[in-house]
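Dropping the structures in below, format is structure tokens.
Across the two complexes that follow, chain A remains constant while its partner is chain B and subsequently chain C.
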Partner chain A sequence: MSNEHVTEPEVNENLNVSPLDDFDTAETVSPAPVSDDSILDFDDDPLSATSVSKKSLVIFFLIDTSGSMKGKKMGELNTVMEELIPEIRRVGEADTEVKVAVLTFSTEVRWMYSTPIPIEEFEWARLRASGVTSMGAAFKELNHRMSRNSFLNSPSLSFAPVIFLMTDGYPSDDYKEGLRELQTNSWYKFGLKAALGIGQEANDNILAEFTGSKDTVVHAYSGGQLAQMIKIIAVTSSQIGSKSMTLSDDTTHELGEEDVFAAKQKLLGQQIQELVSTQTDGDDVPFDTGW
Partner chain B sequence: MIELEIGQEVEMEFGGKAKVLSVIGSGGQGIVYLVRFNGQKWALKWYDINKMAKPAAFRKNLQNNINDGPPSNKFLWPKYLTKEAEDGTFGYIMELKPEGFDSFVDILNTYKLEIDPLTGRAVKRPVKFNTLSAMVTCVINIVNAFRQLHRAGKSYQDLNDGGFFINVNTGAVLVCDCDNIAPDGSNFGIGGKPGYMAPEIVRGIAQPNVQTDKYSLAVVLFKLLFRGDPMEGEKVVRDVCLTESSELKHYGQNAVFVYDPNDDSNRPVRGIHDNIIKFWRIYPDYIKDAFIRSFTTGITDPTKRIIENEWQKLFIRLRSEIIQCGCGRTNFSSMFIHQNEKTFKCPKCGMEFVTIGFSNRDYRTPLYLGCKFYTCEISPESDDFTAIAGELVENKLKPGVLGIKNCSDRQWKAKMPDGVFYDIAPGKGFPVWQGLEIDFGEVKAKI
Partner chain C sequence: MFNGFSHSVMGASHEKTNLVCQDSSAFKVGDHYAVAVVADGHGSKKHFRSHLGSKFAVEATIEAIDRFYEDREALEANLPANHKLIIKNIEKQIISNWNKKVEKHLAENPVTDEEKSKFTPEEFEAIPPESYYGSTLVAGISGDNYTFGVQIGDGSLVALFEDGRAVMPMEYNESAPANVTASVCNSNAASLFSSFYAPNRKLIALYGSTDGLYTSFGSEHDFLDYHTIITSQLVNIDTFKEIICNNLTKRSRFGTEDDISLSCIYNENLLKDRIDLVNKRVTENKKAAADRKAAMLEKNV
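After this line comes the complex of A and B, so read on.
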């Protein structure tokens, strides 16, 4: 790679969020040189190819590991996450390299691994719960890492990340300040955001502030629901994140940027709501009863 | 019922029950299960009708396709519908993928994941074509399958890399996911996969049809041969993040082919698109020109897209131009030294290959031990690109003497060194010599 700098992407003034303004283009891009070397100067075996260049999709899980998550909630969460990984493996197919990053927050915020891990190699490290709910600190840490210089450093093209927040309580720090910082991040703006409230204490309004809409917030009151909801959200959002849209019936009008803006987030909201409405409670005992 | 339970029984439309044995996979429209029905194992695709725009019309179309039957044996076609469940959900069963086939996705990835039964961990097993001839045969098979489909008046709609199973030893192809196939002009809500969709679909001004299939087919062929995305180059990578609006721009409004001869703004980037850079140097010009046409004039003018029959001719030619040298080098003649008008030379070992000219082509075909030609190449009325008509072999009684064996069922005539034409019956052969001429009937050939 040369050190030549990349031209700044054009910013469309008409959009209320200027696209791409802080996808800091740290990596440089240079086209292949034209060359007329002789036939034997390079590996010319038509059968030896490397994997097609993939677009990268990072799925961020933000998981509340405060003391109130102890017991059944954490047990259920650990189990479903272990089961979930093989299901997400199929999502990327040949076009997308799916990576996973897990940020836990309690009294402290901590990444499960120091860098996003390709889904094929990812192994879930079981989490334990203790301490308070530093959600604001988690937002700040996420903002810090969602950068070309940090976790989103794939040299090739990326899809906007999937960001999935799970919590069972009210933040114990100033989550608003953290969220304000996060909201300036372009990866966050274009990312697919979803949230899961666990049990009675979780506040859906705060979660909707995080995702930007109520459609992408769901609530689980029991272990069975928790497992269902995590799977629904994670699989649906990674499918949508790594694919484009199915299209409108109306072909009389050409799509403009305003038509497609945040289209994936809207689709995610619709699909989550449809899927959630078809789930059944069964005979699960709610988290908050039976003590 | 979005999901079926293992052990659950699903009632089939015309009686009988399919018992769910396990999950095979899941996709955007539903889940595929392994089932037992009538004592046989089948694949059952069970739809999530919440994700369908028009479930009733979709089911009717599926029913029509089942009644029409597949265009050829290259399709894993829907076989029987299930009854509708109380909530309106339904599915259909089809034959299982036969042994020995890998998915196109695995070929593009160059490996597939298998779960090690001892450790339970996913391990990578390499997947690649065994021979160059198998790869080009696979391309011909794909093109031919879509030619048959389009001739039946149908379009595939969401042609993408998930739609094929391929035998890497033979190049045999099975088209799967045939449930969105619909009469040209109809659409039941499927859009397509990014990168494979025609620009006019991305822009929202067209729905999938035969013309958009042709664009997607060109993408599939490009991905198989060049192992990269024809529209993803410098211009696209500079966007860093492929948001909805950049996708609309780079795959719709302003799609630029990475090797557009008149626009170098989107060239492949070294370190990211190394496959394309490498393979673009290997393929002969007539193949590259076809892709250039597909992805430049073919972007804005769907009628300029390459038709399947043209692709088929180009790839039959490409297959005939593979040279397998005795030193182990196997490549297209474009990667051998063009010694003179009638001879190629191996750049590695110096071995020379004579060529033969056929009266029905304007290019010469290299001859080497083991090279074959096919029925479609010597009989103008034939479309059979798999039946071997002739092969270059060594005489079993006179080692070192090379000749052409008549593997067809027709009598040929060949000129021998004494200047006389002799009848060559099926199963017989004749030596290759300087003044060789062959009369296949309508087609003639000459060294």
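After this line comes the complex of A and C, so read on.
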């Protein structure tokens, strides 16, 4: 053994190693007993005042609320986000506690709530559009908050977050500087990233810079498409994001963090493209026609 | 007079993968001192005997503390001026004890063909033998008017001193996703400990827990409040201990499915004297939690 050697102590011969002797008032060493449902009685438990948290997944929505989003785009976005919440809620019903954080960016950047909100308690606040497109500032703010010292400070274990960017235009600030800062963030690196361009003006190349892949960028040119795409991306990414591909309990085949991230991001791109290809265009009016 | 309890529950994820519980826990009440200790075996492929490693870590700690308390008066006389050195020596002693236990066990129980079968010969050769038994360790020790603690790897210590407020005396050190958990099996283990020393403070209760407990909470406030609630019930420990056991099982089963261990030591006389204060803290905490939730749900747009 390579550990530092020190003088051997006298061993206490009376040390009582007893796997099943819990709560002795003398000395005990107690590995866990085999679980037994019959012993469970959770009624009348003063400790239930502090709730049990499951593994959590935070979904970050970055939403462009600049003036160009005014009218049908913002109206449709508000409506579909309200409809989306129950669908995401269902993703979290099983083993995952889903939380939502919404960052809006126009001339200023602003969080809808001051902390990620459990999906069960989340209520959409209808957004209004005005001002310019401070996407770089939004990236910096996301980098600042996506930290164990800020929004991701829950003791419960976290899946890598889902980060979903929606925009209809070209950034009015230095988005590259903001993106460079964000790209140093480990949560961003390992997060599932997807983006939705709305209307003709949105630049898919910029969105692909954000997500790291064109497969995770989609475009909506009409209200009907916007609703479809938001639902596809949000539901698919939260399903994949909350899928356990972690490895600590797998004793036979252990993957690295980067393997898991790569597998999830690839899966997200494939599923988004498959789902997008099955959508019909419908006959609704394109955003850029008539307004 | 100190009293205490300890309990470990097996996580559902380990049941699913046919692993045994990787945690161990213990407490010991000595003459004017007490120690609470928990350990969390790593449980991954190369740590295939870590359930034994956690048991050895717990035993090694209690034996080391007993050794240092053989001359309690001398120890306590030296602690105020030399606590850093003394705690460092205790840490070295724990690691030494643990290594001896591992060596003995390995000599008496050589690695089996079945244990080796999960590795290629090259992979197996690359694993240091002590790694088979890798484990974390969290221990808290209290005397009549001082408390100290040592920790290697994940886990938490929570203390309630005379003011009845639950605090984490050691800064919590959750391993970052990419970090390797520090372990008693590391070659430089004795240098990897964190520690704290709180002199001239009477302790109501001190808790050590493995990270399965911490990660079953949505906020650090809730985690600390949980310990305050437990402390408020320790005056009825005989009836309350089953509730704690069940609650730990519930937290494991409906939380992150990890093993959970909790070990506690408490000063019975001081607790009786301060029980009204502790109950007041429970009420204050409940109101603060409600206020935090209301603030969280305020919209900014």
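Following the convention adopted for this analysis, the second predicted complex is superposed on the first by the 218 of 291 C-alpha atoms of A that agree within 3 Å, B and C clash if a C-alpha of one lies under 4 Å from a C-alpha of the other, contacts with A are read in each partner's own complex, and residues count from 1 in each chain.
Quick note on the criterion: a residue touches a chain if its C-beta (ideal position, glycine included) is under 8 Å from a C-beta of that chain, and two chains touch if they have at least 3 such contacts.
This one's a predicted model, so the numbers in the text were calculated from it and none came from an experiment.
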| said: So in the superposed three-chain picture, is A:Asn153 touching just chain B, just chain C, both, or none of them (first/second/both/neither)? | reply: second
| task | Considering only the touch criterion stated at the top, classify A:Val260 as touching first (chain B), second (chain C), both, or neither. | result | first
| request: Using the superposition on chain A described above, determine whether A:Gln239 touches chain B (first), chain C (second), both, or neither. | output: first
| query | Where does A:Phe190 make contact in the superposed view: on chain B (first), on chain C (second), on both, or on neither? | reply | both
| Can A:Asp204 be said to touch chain B (first), chain C (second), both, or neither? | neither
| message | If we overlay the two complexes on their shared chain A, which of chain B and chain C does A:Ile117 touch? Say first, second, both or neither. | response | second
| message | One more residue to check, A:Leu127. First (chain B), second (chain C), both or neither? | response | second
| said: Once chain A of both complexes is superposed, is A:Glu108 in touch with chain B (first), chain C (second), both, or neither? | reply: neither
| message | Just to be sure I read the superposition right, which of the two partners does A:Gln271 touch: chain B = first, chain C = second, or both, or neither? | response | first
| field | Residues of chain A that lie at the interface with chain B and also at the interface with chain C | value | 1, 6-7, 9, 12, 15, 23, 25, 29-33, 39-40, 42, 44-53, 55, 148, 155-157, 186, 190, 248-252, 254, 257
| query | In the complex formed with chain A, which residues of chain C make contact? | reply | 3-10, 12-17, 19-21, 23-29, 43-45, 48, 51, 54-55, 58-59, 62-64, 66-67, 70, 89, 92-93, 95-97, 99-100, 102-103, 118, 128-130, 174, 176-178, 187-190, 214-220, 222-223, 225-226, 229-230, 232-233, 237, 241-247, 249-251, 253-256, 259, 261, 286, 295-301
| message | If we count contacts the way the header does, which residues on chain A are in touch with chain C in the complex? | response | 1-12, 15, 17, 22-23, 25-35, 39-42, 44-56, 97, 104, 110-115, 117, 121, 123, 125, 127, 148, 153-157, 186, 190, 248-252, 254, 257
| message | Help me check something: in the complex, which residues belonging to chain A touch chain B? | response | 1, 6-7, 9, 12, 15, 19-20, 23, 25, 29-33, 38-40, 42-53, 55, 86-87, 89-90, 93-95, 120, 148, 155-160, 186-187, 190, 239, 243-255, 257, 259-264, 271, 274-275, 278
| field | Residue ranges of chain B touching chain A (in the complex, touch as defined) | value | 2, 25-26, 28, 50-51, 53, 104-105, 108-111, 113, 122, 124, 128-129, 131-132, 135, 161-162, 189-195, 197, 201-207, 223, 227-229, 232-234, 236-248, 251-252, 264, 267-275, 277-279, 281-282, 331-332, 335-337, 347-348
